[in-house]
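Below you'll find the structures, each written out as structure tokens.
Next come two complexes, and both contain subunit A; in the first it sits with subunit B, in the second with subunit C.
Right after this comes the complex of A and B.
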């Protein structure tokens, strides 16, 4: 028998959702201050309006749904999936008020793209967007990359049990420390340390390349947030191509690779276990898949002959590849060049890289390295089983912080998520083809959206069909949360209608 | 002692991670040379 959700369920969901909305509202103070500092009073007003709306909704939910009960698994998952939808709607309000998005749905597209650290954008005249709005685009990537729930966990949610359920619901199933709140705080520590180092590095390079110091620092902060959180937005419409600087590109490559590293691995390396980086299954798998995917792309690009020198092949070919593999979406070529200048072999390398992603418990999306490594180890185990005598006991191990014995449960979980991602890539490609786009382009853009990458071959534009915009929004949402909390929400809605 | 050691470990940790990023870039650069020469 399907059991209908109780009033207690709704109250718990509403209460914690309210707290997360309050956390989100507080982040809007930053663009308000930037707006006031830069004498951009109208943009500051846009954020003040959005802040008030968010505060009112958050406070009403917290007051009306007040409960002292901790969340159960189902409630935690629903809070997470709903909080990302609500964040999209609230985060889109200041964007829409700026007048740089043609409609509220376009602003919602960019808001989800930002929170999910995708990087696909429908903004109009980006080069004349206010500093406050431009910062907001990058700030939501920083918030989304850390995890919207991580903010609430760090400051608002008490009680370890409920906090852990929210943490897991946001596709972060690895506890770095025994206490999940301390785990959330460590994630912040890593990000803040790299925020300072990354912003300064990019700022200095910007000044050396001819930007004014204040502007270089602003660009540095924005690009850092989009790079470390593997987002892909940039303050200028030409993205990273705007800077025309090899050094700038190198610094961003370092930052996006750092962003693709598991926070648990950061922790162990920072605590002195530095050998872990060359033993860990994820970092080794990442190295191998990057090189393999890049070999495919480089082969394709060598066939076309468009990049005549090795340095050019690195700056154009490898840059897009590492941007794709880490799920960032920074581009140093124009979107149309993917289809007009690159051949299909080069695109296959990029699509494969986008589909694979970075490490689990990092800021990247897609299938992720631990799962790819586990599936590979399972293959090795099965081949051993065939090769060895029947009586032989086959034991497969892998190294992830410690030696771990490979179990069927892990393989099943890795294969299920991989399958779900492949289906999601396929559905988006199918919808793209339904709207008349060629297969290669549709698959490229769909994988980019579902894997939270943000590279575009030109499909994503304000004039694309509304159905495709909605499809990409759903793909970004489901891909970022890795399905379970989204499926739980769907199940919850079904029980609400059909339950007794 | 721990207070002194921890930031030192963090600095070395950051250096290790940046080295890892450069190792990937170096391997990619070698592939670029392989395809161009």
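Right after this comes the complex of A and C.
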């Protein structure tokens, strides 16, 4: 029998959702201050209006749904999936009010793209966007990269049990500290330290490359947030190509790799355990898949003959590849060049890299390295079973922070999520083809959206069909949350209608 | 005379000056192979900043929805007084130079190495006027927020 959600369920969901909305509302103070400082009064008003709307909704939810009960698993999952949808709607308000997005749905697309750290964009005339709005685009990547509910976990949610359910619902299942609230705070500590260092590095490079100091610092902060959170937005419409700087590219490569590393690995490196990088299954898998995917892309590019020297091929090919593999989406070529200048083999390398992603418990999306490593280890184990005598006991181990025995449960979980991602990439590609785009282009853009990458081969534009925009929004959302909380929400809605 | 015109015509078409009229940015990117190494003319608004690199500079010029990077001597770049941003309309300029599909000098960037720059329209600072409708909305919402806050004080936990 399907049981209908109770009033207590709704109250708990509403209460925690309200708290997350209040947390999100407070982040809008930052662009208001930037707007006032830069004398951009209309943009500051856009954010004031959005802040007020968010506070009103948050306050009403917190008071009307007040409860002292802790969240159960179902409620936690639903709070997480709904909070990302609500964040999309609220985060889109200032964008839409700026007049740089053709419709509210376009603003919602960019808002989800920002929070999910994807980087696909429908903004118009980005080069004339206010500093406040531009900062907001990158700030939502920073918030989304750490996880929207991490804010709530860090500051608002009491009780470790409820907090852990929210944490897991946001596609993170690894605790760095024994307490999940302390884990959330550690994630913020790592991010803030890198924010300062990354902004300064990029700012200095910017000044050396000819930007004004204040402008270099602003660009540095924005690019850092998009890089470390493997987002892919940039303050100018040419993305990273705007800077025409090799050094800038090198610094962003370092930052996006740092963003793609498991926060738990960051913790061990910070604690002086540097050997972990060489031993960890995720970093080893990442190294192998980067080389493999780059080899495919490089072969494709060599066939095209577009780059006259190997060094040019490496610079362009590797940058797009590492950007794809880490799920960032920074580009140093124009979107159209993927289809007009690169061949299908080069695109395959990029699509494979996008589909694989970075580490678990990082800011990246997609299948992720630990799962790929586990699946590979399971294959090796099965081959060993076939080759060794029947009586032999085959035990497969892998190193991820500590030595772990490979269990069927882990393999099943890794395969299920991988399968779900492959289906999601396929569905998006199918919808793209339905709207008349060629298979390769449709698969490229779909993988980019679902894996939260943000590279575009030119399909994503304000003129693309509304159905495709909605598909990509859903892909970005489901891909970022890794399905479970989204499936729980769907189940919840079904029980609300059909339950007794 | 006809022969002379024909010779000049052929020389003109094959000398790389064939594309010296203004070409849209999209056209250049989508048909980069065709224009590679040719002298092209490109017109648009200077945006962002002029980034000086020694005796040269990078300027990014926007035409329609496309922005192309222009590499030019700093003496030419100095002509640009306004580069477009939120409150600045950038100078509209026309550059003439060699189009590179994957520039060997600049890490494979698609760019134009400008030999000449002509300012067509001077840019300007745009004064922002406060939008009264937005100000009113913000005030009304502030009132609503205050009311909700007062009401929540009366709601028992």
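As a working rule, the second predicted complex is superposed on the first by the 500 of 500 C-alpha atoms of A that agree within 3 Å, B and C clash if a C-alpha of one lies under 4 Å from a C-alpha of the other, contacts with A are read in each partner's own complex, and residues count from 1 in each chain.
Methods note: a residue touches a chain if its C-beta (ideal position, glycine included) is under 8 Å from a C-beta of that chain, and two chains touch if they have at least 3 such contacts.
Please read these numbers as outputs of a predicted model, since none were measured by experiment.
Look at A:59: by the touch rule set out above, it reaches subunit C but stays clear of subunit B. Once the two complexes are laid over each other on the shared chain, residue contacts for A:264 go to neither subunit B nor subunit C. When the two complexes are overlaid, the chain among subunit B and subunit C that reaches more residues of subunit A is C. In the superposition on chain A, contact is made by A:291 with subunit B only, not with subunit C. In the superposition on chain A, A:40 makes contact with subunit C only, while subunit B stays out of contact range. When the shared chain is aligned, subunit B and subunit C each come close enough to touch A:313. By the touch criterion stated above, A:48 is placed in contact with subunit C alone, subunit B being left untouched. Once the two complexes are overlaid on the shared chain, A:302 sits against subunit B while remaining clear of subunit C. Overlaid on A, the two complexes show subunit B and subunit C touching the same residues of subunit A, namely 308-309, 313.
Residues 9-10, 12-14, 16-18, 20-25, 27-29, 31-37 of subunit B are the ones that touch subunit A when the two sit in their complex.
Residue ranges on subunit A touching subunit C, taken from their complex, read 39-43, 45-46, 48-49, 52-53, 55-56, 59-60, 62-64, 66, 97, 127-131, 209-212, 215, 236-238, 241-244, 246, 249, 306-309, 312-313, 315-316, 332-334, 336-337, 340-341.
Across the complex, subunit C meets subunit A through its residues 26, 29-33, 47-53, 57-58, 60, 62, 65-67, 69, 71, 84-87, 101-102, 104, 106-111, 128, 130-131, 134-135, 137-138, 141-142, 144-145, 148-149, 152, 155, 157. For subunit A in complex with subunit B, the residues that touch the partner chain are 193, 197, 250, 253-254, 257-258, 261, 266, 269-272, 274, 277, 283, 286-287, 290-291, 294-295, 298-299, 301-302, 308-311, 313-314, 317-318, 321-322.
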